[in-house]
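I have a structure I would like to understand better, so I am pasting it below and will then ask my questions one at a time.
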């Protein structure tokens, strides 16, 4: 699905990480940890082509990121669900319409009942008609997750999806992502929450990667 | 410092909480928890006058919120440090200038070395010249905390200040807030992170409040 | 929800910057209609002036009384056969007397005087070969003098064509300023919607889709803004009393007849302008967002 | 960092909406200068026309040869003592002949004719009591006819004053449109900086401080924009060959002499306009943010 070969990234003030080689296979489940500012969000941005690496090769769904046209990149994005760390929405459209965007903007069929079910599962059933600016922090994250998975993507990338959620709701969302993974979606979650990682590891074969010291390492068994 | 008397709030779709009466005394330390969407951020917004309660009386630093003029409210805000859940900055000014804003916009003296020390403590020493949009999620939260405490406020309100931070950095920031509390600042932190609350309770006399079922309750000893 | 429907929804309908497009289109359309009116008026004026002045001339025949009739006949004959002259008419003595009255008073016994004869010509648009005409007249009727009024005519014709020039320059200026302001307003509308663009890119929308959504919204706004501005300007021009009716020299500042159709071109033009400028801006802004 | 310094920094200096203020101020200043030129020209034109036309008149004296000298003397005497007439001059016979030549030809023995005498008057600005003058002349010199050229004059004076009216209306229109566009652009600049306002309120900045920061930035922008627009317009007007030099009827479209100072009022006016509108908008926007 997503292949990094000797990838380095540098925003201009020295490299964040160097020579990262990693493969995210279909159906795999990965966590990404590391101290704040280590480059987790940067890594995810490389995975959906918001950034192009300063060095090395990134292959998204069998296409070289560097060689993709803007339309090919958009086409690839249709099949990658993303939960951004700062969840952004179209502030003038209801939560429901926002969640349906990945389908409606690319001409795919939108099923009202699917959207209703999904919003109910993430606990936003009653806020479906609300405008995004009136959502609470946690509600925004849940809406963003719903938007990322509405189109049953091949890959799900989630950046700190439970940072503003209580433990109960975090578990609920994690179950949703695990369910998705069982249906074949490759999942990559950047998080600081070790409890969450432990909870997931009990359910699914998950690997933990850690960015530290400019390297991507497989985290030790202490988790 | 901050007194709620029979306060209720309702955004229009039914009350979030009702008849809340609570006093935040100088030097007190409170946590606020509750499920996502319960009204924690709303409670904090009442504490610094971004919202006026739909019912009941809020007194900020001995002044009735309802009777304050806009300038009096601004004057009160000088003495209340706030970390918003979605940290907003002046995107065209460096982190350093943003952190100094509470002093510089109100005509108070800005000491470069104080700012340098504070940024160093929250781990942003090297990002002092960066523009806020280039910060990572956790770096934004740290910069927001630095901005909230630069003016040594009488009250510190923090909404999920460690949602995007690793455990080590969370502890570090918590120590900073505890230190501030020891010097007399009243602190109120909304958070989901039970580990953080436990960590703080080991250091300081902290009370935990919980919003649930439209009521504000003192949380039980299970924490 | 279909793609077309969602494409109408994704760009916020309100917001200062979208209003700015509407209102600047309205304002500039308003001005453009006035400039158009000035231009049409100047063009009519120039036409009237140069036509009425350029196409009249006189031939004055002074000769001893016994020859004058014969020479007048000759002159009229010559004029009838000269290409470029559509009519020649001998001015009756009464008309001549009326012309002279201002200077000579009503009592002068003009009949008794050996007054020269005046022949009024109407020339065609191209006019006769003036030098050739003078030579022929000199040969056939030595007492005849051809006067094409050049001396009086030139400054007025020049003035009229200058006025038209000024009006066209104004129209050009207003057009350019309109273009600049609408382009800038569209570009402000686009830039202030950076978040919309980022979100749409994130969910996999194509550049075409995003650009079309913006361009459609903006050019519709420009069209309706310009329509309102044009309508207002036309109303104002209808309400203001027509200057031409009272002052023959400046006949008809404003439109008349078929000229009322001119301003109807303003709204579609504004829309086309907004379309082109927002299209260009959209793709420029989009290239900055991955 | 002092409060004044930070107040200059808190509003982003770039951004489409701030450019919009600059550029719309420039564009509208450009148009305003042209409208001013039109207005100044029309005013000069109206003045020239009505002055040169209104203040000349003639008295024609027709009488039997033996009386004419006496009547002429009488008329001149009457005119000299009439208030509102600054000069009266008997037209020499040669001038009279030259005037008539166009109609009568050079060969007519004018000397032999009992030509009426013509007296040219120059009237003061207020002019004489025309009815009284006519009565007096009728009483003293029955052969004298006073002709104040009203018939020729009225349409031209009306035309000139209409032209001036049109120019003033244009100036008013451009002023109003400028005001609207600058106001809208300032308001767009403010609204698109909602985050700046929220952050400043959050850290305890007073409304005064926030409003001043915006207003200063926006009105400075408007001033420099208008300055650029004015300068450009003045350059264009200098570069375009002066129409007045070639066409006496339209003497001096454009400014001359001290009139070149007029356009200098445009940039301060634009600044004042931007100041007022952004001040109003700032406090309106601020009231919406707690």
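Think of it as A, B, C and D in the order they're written, each chain with its own count starting at 1.
Assume contacts are C-beta pairs under 8 Å (C-beta built on N, C-alpha and C of every residue); 3 or more make two chains touch, one makes a residue touch a chain.
Please read all numbers here as calculations on a predicted model, not as lab measurements.
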item: Both-way neighbours, i.e. chains that touch subunit D and touch subunit B; value: none
item: Maximum centroid distance from subunit C, chain identifier (CA atoms); value: B
item: Leader among chain pairs (count of C-beta contacts); value: C-D
item: Approximate Å spacing (C-alpha centroids) for the pair subunit B, subunit C; value: 68
item: Inter-chain centre distance, subunit A versus subunit C - centres from mean C-alpha coordinates, in Å; value: 63
item: Subunit C and subunit D, separation of their C-alpha mean positions in angstrom; value: 22
item: Set of subunit B residues in contact with two or more other chains; value: none
item: Arrangement of touching chains [line / ring / star / complete / other]; value: ring
item: Each pair of chains that touches, named by its two labels; value: A-B, A-C, B-D, C-D
item: Residues on subunit A engaged by subunit B in the complex (per definition of touch); value: 11, 33-37, 40-41, 85-86, 123, 127, 134, 136-139, 142, 159-160, 163-169, 192, 194
item: Contacting residues of subunit D [partner subunit C, same complex]; value: 15-17, 19-20, 23-24, 27-28, 30-31, 34, 60, 62, 96, 99-100, 102-108, 113-116, 118, 145, 147, 155-156, 158-159, 162-163, 166, 170, 173-174, 177, 180-181, 184-185, 187-188, 191-192, 243, 246-250, 253
item: Partner subunit A, residues of subunit C touching it in the complex; value: 1-3, 5-7, 9-10, 12-14, 195-196, 198-209, 286, 290
item: Complex contact set, residues of subunit A against subunit C; value: 49-52, 70-71, 73-78, 82, 84, 88-93, 97, 100-102, 104-107, 110, 147
